[in-house]
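In what comes next, chain A is part of two complexes: it sits with chain B in the first one and with chain C in the second one.
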Partner chain A sequence: MFLDSLAMIALAYIFGFLYYGLYRNISARVHGRFGPSLAQSFFDSIKLFLKENSTNFGWMFYAGPIIMMIGAITTLLFIPYLNGSEHLVGLSQYGNLILVLYLMVLEPLGNAMGIGSNGNPFGVMGITRGLTRLIGLELPFYIAAIGLMIANHSADIGVIMTNQSEGYNAFTHPLLFIGAFISFLGFMGKSPFDVVGAPQEVYSGPATEFSGKFFAIALSQSAIFSFAKLLLMVNLFLGGAQSLVELVAKTFVLFLVAVLVGNVYARFTTAQSVEFLVRVPTGIALVGLLFV
Partner chain B sequence: MPENTQEGFIDQQKVLDNEEYSIKNTQSIIQKAVDWFRARSMFVLAYGTGCGAIEMPPIFTSRYDIERLGVVGVATPRQADILIVSGYCSYKTLKRVIRSYEQMNEPKYVIGLGSCTINGGMYWDSYNTIKKLDEYLPVDMYINGCMPRPEALIEGFVKLQDNIRNAKSEAGYIQYRENNAFYRANQEKIFGKNTTPTFEENFAGMNQ
Partner chain C sequence: MFNFAMTPLGNLFFGLTLIVFASLLLIKNERRDLPLHILLFASLGVIFYASDLITLFVGWEIMSWSSYFIIAKSARIETLQKYIIFNLAAGFALLGAIVLIVAFAGTTLYGEIDFGKVPEALRVPITLLLFVTIAIKSGIMPFHYWVVDTYEESDHIFSAILSAIISKAGIFLFIVIFSQIIGYRYLHGSLFDILAWLGVITSIVATFKAISQEELKRLLAYSSIAQIGYIVTVLALLEGSGIEAGLYHTIIHTLVKLLLFVNIASIIYITGKTKFSQLGNLLYDYPALFILLLIGIIALAGMPPLGGFNSKFLIYTTLLEKKKALLLVAVMFSSASAFLYCYKLIYGIYLGQASGDKEGYRELPMSFYIPQFIAAIILVLLGILPSLGIALFNPILGSLGFEVSSYSSLFELHTAFASFNGGVLMGLFGLVFALILLLVTSMRSKAVKVRDRYDISYCGETPDPQNNLHYGYGMGQELRRISFIRVILENSTATYWEHISKLSGDSSVMVKKLYSLGTQYIGLFILLFFTILLFLGVR
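The block that comes next holds the complex of A and B.
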């Protein structure tokens, strides 16, 4: 199980960074540029690991990125990669969807803890925006998850995944899917819901004070965490995957939609995004819940 | 006060370009790999001090697209590797530039953009701008011209990457550490005792 979990983390790390490289590349093409090489994000993270650290705000500051990393890895380990396979399952037989939803909140909380102790105003603004937005993001996602749990009489992600052999949940429960998908776009942190690190407003946002190795940890965890979120969406709504190739194909499609939406839409303000998330996707998911 | 001379431009350029003067570091394989990554990924803190600043934004646009080379802009000195000082520095600005430089984490490099950073340029007899940036901060790469075109800036980046990758010259931050007394003495000539904290004071703060 140990090797299995390690393989899961390594795969998420590699795919997370490759997808991030793709994101930069696709955005560059949308702008009419060539963009960096696919592996650019790897280079960045390795270079950051090789930099020295010269700021000190006490141990709470350093604990922040580590808690974020732990949040990302534990979330990942409770989501099985493949449908009906014995490999790449991690700890998923010991946990369920409720636990995963709970662990997903650990990342912003760890972030808030690290930033609270450095006192940088841009960081504090960023994380306040992030936590406010989180309220809007969680509502539709939780409602969709509750709908799926009722429909499948189970909170086990593996069961929800295997029950989709006749048709994907995305088609049998379309309203739940739309609600969860809009919230997923927000979870990915791209436009129009990118109030947290909006460069023109709060500079680097929460990451402003992070430097060197701790910034590298924060970047790696966000790569792993975004792959975990893609994985969760594929498992819950797109029937999981039988093989790694299928998994890559499905996560890639989801990712591509998120990137393209992000490139087309302008940014909401914090109040707008919460209002939008509470009204539209939550409303859609609630109507979907009635049909379950 | 630095002297108002127009010399220095040719000499400093020669020192940077001349093989004889350049330090030939022998890199181990690990050091080579480390340097390769450092050259391949550069986070830039662009400090728009003078009119040359207007030539910096275009390099990120689709026409010049410097992201191809792994160069991206960052908003905070904590994450930056490169500090671009774009043009003349008034005494007031210089202090902010030094503060930003000292907040950056090593390894860090400085690019001096425009003639003003080399020898004062057209502000050579101004009463409130510095003449040679190299006396206050260690400059790794000069880009001459008034104002240099974005192509020149890109070439400067390519040359700096080459320098870092092959360890062609001693990095400026090492000089700044080793010859700190020289740089501080020059800074104090302008600011008096009102300069940024010394290394010792910084480290005393860190160990609390």
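The block that comes next holds the complex of A and C.
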């Protein structure tokens, strides 16, 4: 079980950074640039990890990225990778979808604790924006999750995944999928819901004061967490995957759509994004819920 | 005359009372009135162990009055008036319901009351009267009007008792009267559906109100209202599993509010300040208090791996089982919004920049830590052994005639929808934390300790003491830009109650006028009275 979990974390780490590299490349092409090499983010994270921290704001400042990493890893380990496989299941038999939804909040909370302790008002401004946006962001996703749990009469991610042999939930419950997907864009930190880390408005975003290995941890957990979120979407709506190749293909399609949408839309302000999320995707998902 | 019985339900509530009172009495507090506290404690015992309706009512009244005199020591007269008017109304409503039940059932003993003897037409009014009592005591909207001011102005330690225990008297009354005395088969489900929605609307509104508060204790008061909203919602499903989830959340909320109110009381004791805008950056001065508050808010937010997640999980799965999807959406929405006030609480006090100097701070007696430690240890324990709560509730469910939940191990919390293992969860958290810590500390680092708090990235400028760098003041204000939250924040039931108060004032003036008329008019009224009597007699 331990090796299985380690393999899950390693795969998420590699694919997470690979996708991040792709994101930077695709965005660059959209902007008419060439962009960095694919493995650049991967090297960045290792380089940063070997560097020393420049400033020390006390132990709570350091605990922030560690809590974020715990959030990312625990979320990942409670989501099975493959459909019907004994491998790469992690601890998914000990958890369920409700638990995963709560573990996903640990990352923003860890971020909030770390940033809050450094005394930089701009960082906390970003955090408040993030937590406010979370109000709107979680609502459509929760509704979709509730719909799926009621339809499958189970909160077990494995059960929801295997019950899709006759048709993916994305097609049998299209409205729930649309609602959840718009939320998912926000969870991935893509436009138009990326005001939290907006470098122009909030001077380099919430991560203003991190440096060295703690910045590396923050980056790595973001890669692992992105992959966990892609994995969750694939398992819930796209029927999971029988093999790693299928998993990569499905997560990549989802990721590509998210990146392209993110590149097209301009940024919402916090109030705008909450209002939009509470009106449009929530409304769509609620109608979908009524069909269930 | 008075009848008592030891029941599993009474034992649970009295056990909680004992934990709260015993741990709080250890705190040295020169403003505490011990006889009144003992009277209050005794009255709670009377309520929880009563086995006839009259005893219950007597206990209820003593509880309301003894807490009135305790609150009177520090509260303003308006707050006291609000408190007593609402709680008298609760008492009268309870008395009315009891009189109606006893008049038809012919007995006051819980075990002998047959609600089937009460005529159909009276069952709804009795239920409504009991709703009013429960809603007032537990602070369900629109009867929460007295709660916030009372919590804010009470003695800081007594607020913990108010929130942790006294608000639970309403929950206890709900379970005892509807499931034990009346029986669910005689109740109208539609009325309880409305109550369930009232509960969840209460929690949503109170959550947003809590986020926008500037006073520490007002935030906690609104948070109490919100949390009890969940309990009422899940109890109003009229299910055994609903009682289980409600009781679990009762335990968690009692412990969390004991911890948080004592923590806030400690901060107020040390600093003498009560607003977020006056505090900040106390983390490194009081790290133990910070960690205790962190445990408290993790449990309050219902985050794994602490006990708070268990009760949220049971609430969600109970709503899922009953297919109350919209209710569940509303509960989850409120629950997701609660992260913001949890963060405001910890950031405003312990993180960020200090507002003002730290001179004149008093040293905190060790006794303030004891209640917090007790609550924190139980919350962690429940996180590892989630089915400990189920083991505790099974005798209660059995005694009330519901199906008992089964569990294979104390580590695992099992429901029809899903299960999770608290031991594995806590173990994983511990392991990952230890591994990362090992990885990080194994490399030597020469990071420069920031001495000057103003040494931060500040858009290329250097902030000086004139810049207010503590964001705790403004946090939650920007929510007003979101239209539906603005509607919630700008409206309150105060205008509604003030209207009622004005109406009753005007009508009392009219009645008073009758008495201040001349003697000739009084003679006229007497004549009129007898004429009407005569007229009725002839007919």
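To be clear about the criterion, the second predicted complex is superposed on the first by the 292 of 292 C-alpha atoms of A that agree within 3 Å, B and C clash if a C-alpha of one lies under 4 Å from a C-alpha of the other, contacts with A are read in each partner's own complex, and residues count from 1 in each chain.
Assume a contact is a pair of C-beta atoms (placed from the backbone, for glycine too) under 8 Å apart; a residue touches a chain by one contact, two chains touch by 3 or more.
Treat the numbers as computed from the prediction; the structure is a model and nothing was measured.
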{"item": "A:Arg33 touches, of chain B and chain C: first, second, both or neither?", "value": "first"}
{"item": "First (chain B), second (chain C), both or neither touched by A:Gly283", "value": "neither"}
{"item": "Chain A residues touched - chain C or chain B, whichever exceeds", "value": "C"}
{"item": "Chain B versus chain C as contact partner of A:Thr132, first or second or both or neither", "value": "second"}
{"item": "Partner chain in contact with A:Asn56 - chain B first, chain C second, else both or neither", "value": "both"}
{"item": "Which of chain B and chain C A:Val124 touches, first, second, both or neither", "value": "second"}
{"item": "Touched partner set for A:Glu209, first chain B, second chain C, both or neither", "value": "both"}
{"item": "Common interface positions of chain A, toward chain B and toward chain C", "value": "50, 52-56, 203-204, 208-209, 212"}
{"item": "In the complex, chain B residues that touch chain A", "value": "34, 37-38, 40-41, 43, 61-62, 65, 67-68, 70, 74-76, 78-79, 81, 105-107, 206"}
{"item": "Interfacial residue positions of chain C with respect to chain A in the complex", "value": "281, 283-284, 290, 294, 301-304, 309, 312-313, 316-317, 320, 323, 325-326, 328-329, 332-333, 336-337, 339-340, 343, 346-347, 351-353, 417-421, 424-425, 428-429, 432-433, 436-437, 440, 443, 445-450, 453, 455-459, 469-471, 475, 478-479, 481-484"}
{"item": "Residues on chain A engaged by chain B in the complex (per definition of touch)", "value": "24, 28, 31-37, 40, 43-44, 46-48, 50-56, 199, 203-204, 207-212, 215"}
{"item": "Residue ranges of chain A in contact with chain C within the complex", "value": "50, 52-58, 60, 62, 66, 69-70, 73-74, 77, 91, 94-99, 102-103, 105-106, 108-109, 112-113, 116-122, 124-125, 127-128, 131-132, 134-135, 138-139, 142-143, 146-147, 149-150, 153-156, 203-204, 208-209, 212-214, 217, 270-271, 274-275, 278, 286, 289, 292"}
